[in-house]
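The following pair of complexes shares a single chain, chain A, combined with chain B in the former and chain C in the latter.
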Partner chain A sequence: MRIYHLMIFLLISNTSFASVDIERQYTKLIEELRCMVCQNQNLAESEAPLAVDMKEKIRDMLEAGKTEKEIKSFLSERYSSYILYDPPVNMQNILLWLGPFIFIMFLGYFLLRRYIK
Partner chain B sequence: MIIEIGYVGHFLLLLGLMNCIILLSPKVLTNSNISQEILFSASKLHFPIILISFLCLITTFVGEDYSLDYVSKNSNSSLPLIYKISAAWAGHEGSMLLWCVVSSFWMFLASMYSTNLHKRLRVNFLAIMGILNLGFLLFVVATSNPFDRNMTIPLDGNDLNPLLQDFGLIVHPPMLYMGYVGLSVVFSFAVACCFEDDFKKEWAQWIRPWVLASWAFLTLGIALGSWWAYYELGWGGWWFWDPVENASFMPWLMATALLHSVIATSERGIFKSWTILLSIFTFSLSLLGTFLVRSGILISVHSFANDPSRGVFILFMLVALIGGGLLSYALNSKKFIDDSDVRLISREGFFLLNNILLVTATFTILLGTMYPLFLDILGLEKISVGVPYYNAVFVPLMIPLILLVGYVPILLSRTSIDSQLVQLFIIFVISIFLSFIFSVQSVLFFVGIFSTVWIIANILFDFYRSSDNSVKIRRRVGMYFAHFGLAIFIIGASVSESNKIEKEFTLEIGESKKVGVFDYRFENLKEFKSANYDAVIASIIVSKDDRFITEINPEKRLYHSSDSPMTEAGINGRLDRDLYVSLGNMVSDNKWSMRIYDKPLIRLIWIGTIFMILGAIFSIRFKQSKIYE
Partner chain C sequence: MNKITIFYALIFISVTIFLYKGLHYDPKKIESPLIGKTFPEFKLTDLYTKDTLTNSNFLEKKTIVNVWASWCLECEREHSYLIQLSKNKDIDMIGINYKDETSEAMGWLSMRGNPYRIIIKDSIGDLSLDLGVYGVPETYILDKNQVIQYKHIGPINNQIIQEEMLPILSE
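Coming up: the complex of A and B.
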């Protein structure tokens, strides 16, 4: 059957983690990182070869004792912060993070002042 | 002669355009009685014209008329009949025609049920609906005509996108469109009211069922989409904060705000200009959503059909309609004077807080969706806005809202402080008890459980107290259903998220693995041939302490027309938990990678939305006898 020929043969080295803690960190991390070759999927969802490699790399780094922060900054240096679903708080993104706060103050002031006795 | 049908459909579209122009005669020619009658008839006639045109399109699909470009691109002869029919709205052109059908249907209803409005209001209202219909139809005819012909006629068509060959995606678009476009009735009415001297209570009462109906359809459409994503994409998620999902969620949040504010306007004649503004913005966000999805400006998992050149047309329409609506509002808003003031701690005060939180939540999603686009357009560093952002900004807005929802029954029944404290104590005890059952590990999870108990218990207390007052219960039953649905949704979302187990590993045939409390044995792998795809179906036997529980059959499909295999998850769904298996890649002959998810209470997410929809249906009360002068 053609289906077999088209399946990508992947070797997933070891599937058990050194500790439950590392597994938890790993699961959380791969959900917060973007698959760079997919349309809009995180690494956890993606089975693209690049994503599989990256997951492997993340697992290795976690087992080598790297923290979540170190891994994220390593990856965003390499692939730009486009890879982070959690956009960094910097000058460029300041309105993204402060916008909702400014908006609710403005709307709340406008509506409450207008309608509340 | 099946070939002719495409021409008939095309001709009817042009006839529809003419009809829309004739409809506007009281506005462009003379506003005489005759031209008004023409408008009333044309607004009804539009629906059969467009519907028959759409049926023609379906006929060309069923009759395999590949002389039409759209048919040849979205269907082929081996497709099962049901998908040949649904392929009619699976691609861009057809789904835009469906939009026009739905829009003409709402105009038909609006025309039928508006005889009790006074004439000037009715004429303006239907004329605005006519302009909207004209705009949508013009878009189809000018840029997205499904009846366009092929230069050379192919022997067979391509295929329907395999992801769309699914029941969920047959019903999802029509329901979603019923919601989106239903809001155009509300928009048109609000804009028409801008040209009156006042926005009367009775008018707010008149529009309320339309808001509720659109909201119910929108809820159903979104729920179906999320259900589809859950079982079809194979990732076990039900909401991804994908821009296309956001596009439907924004109008939903706004419509939720609107269906509250319109109650205050209809009962007490307050928030008049705010309700009008909200109506305009709610439909504007539906249009914006369509623009985002249809223009191809977003590239995401859902964008199957788009063409950037069309974006300009939609953008122009967007600016004209929203701009026109807002201008009408801005020029006239001064004359709407509210009948009375509001206290903060009252039902109306709560509506206001609800509106502040919901509109801010909408703004947050708009910002999260548009910000990366703006950065992209400005050529700055590209960013991704995803789950962590929305968890950080959206969730904190929802918590106070949910606490308010739970407080409503206490507020309405004017419960004394003493019994309020007793209630609160009981609710805390139940929440803590449930927290132990679900082994709560985070504050947010506890908040989720507390909110659910808080909403449901307060509703039950009120039912208990007013059990002798059936009038009161009947008045509140819709609201209680909807709020109960929200509570059910929250517990489903928080428990399934916090207590989920997700594992990914490789398994050989005959091998078994323990995930959570269950053992999963990879029993065998069968081959299966369907008319338009080949598949392998795995058999996974689930057992607990050597006791057979169930068999799950995840699939991997390869459609004849496509080179990438599709995953069909196998789900064993029960009320208390879903066991979810999806096949990954073949590692060696008998060895496959697979994902196994154990998702407790996840079904409550969709059961909750069913209650919300029922709540809206119970709240719809027509008072047709009245004349709204």
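Coming up: the complex of A and C.
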């Protein structure tokens, strides 16, 4: 019975946050960050040792009052922007961001020309 | 052949080339954003002596930093190359023992030889997280001012040493 109590205690203590707000930020963040070991999962889904470490680090940083932006830049400075599921637009990926729009514009142009003819 | 056919053919060819290149691209190899930055600050203990180690324990010469663990199978594969590199007296070699049991790490090295001058014991993986480590083994080259010049993820081999590491080490 004592062990049972201890297990419940551990379970609760492990998931308790300083405030509901921090918990909400935490849950949001780990869904937006990639697990570097299992690259098609986010941190929330992953139980890989590195993902567990990262989640712990994120929780510590949130509790130390760091903002979401600070945490994201902390991680992407170390693991590159690849860790972000929503990477910032930069010179390297500008084509990926604009590509679909360029494609649609081309398509529209051709269809319009055919239609006018 | 009219213009439209040529246009579609061009699209087809460029997409094919794009996708074909993607076949040979390893998504695990991500350029480290830490290249050109200084090695992160740390304060940890030595695996053997238990002395406190900080950035001041680095020597003022080219340094290879290798992240390894006794549980890591790939580390075994690259170990003989590290021993070989450690014979070069112009290079300092520092190990980071990543999330390991001290006794097992020591046993592992006594069986295979110790190429490192000092070994930083990173039992919780804090320094490694700061370094952006995600696939042990990892190998870094620092210049004499502790600026990171090179990073390799996974085991090193003769080809990597000859083609990638030696040119940086002999700069």
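We adopt the following convention: the second predicted complex is superposed on the first by the 99 of 117 C-alpha atoms of A that agree within 3 Å, B and C clash if a C-alpha of one lies under 4 Å from a C-alpha of the other, contacts with A are read in each partner's own complex, and residues count from 1 in each chain.
In this text, contacts are C-beta pairs under 8 Å (C-beta built on N, C-alpha and C of every residue); 3 or more make two chains touch, one makes a residue touch a chain.
Small disclaimer: the values here were computed from a predicted structure and weren't measured.
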item	value
Chain B versus chain C as contact partner of A:T27, first or second or both or neither	first
Which superposed partner A:K117 touches (first chain B, second chain C, both, neither)	first
Touched partner set for A:G108, first chain B, second chain C, both or neither	first
Touching partner for A:M91 - first (chain B), second (chain C), both, neither	neither
Touched partner set for A:Q39, first chain B, second chain C, both or neither	both
Chain B versus chain C, judged by how many residues of chain A each one touches	B
Partner chain in contact with A:S80 - chain B first, chain C second, else both or neither	both
Touching partner for A:A64 - first (chain B), second (chain C), both, neither	neither
Shared chain A surface residues [contacts with chain B and with chain C]	39, 80-82
Complex contact set, residues of chain B against chain A	233, 235, 237, 240, 242-243, 270-271, 274, 299-301, 303, 338, 341-344, 349, 352, 355-357, 359-360, 363-364, 367-368, 371, 375, 380-389, 393, 397, 502, 504-506, 527, 534-536, 556-558, 563-565, 584-588, 593
Chain C partner contacts - residues on chain A that touch it in the complex	36-37, 39, 49-50, 53-54, 57, 76-82
Touch list for chain C against partner chain A, complex	27-28, 30-34, 99, 124-125, 129-132, 134-135
Chain B-touching residues of chain A, taken from the complex the two chains share	1-4, 6-12, 15, 27, 31-32, 34, 39-42, 44-45, 47, 80-88, 92-93, 95-97, 99-100, 103-104, 107-108, 111-112, 114-117
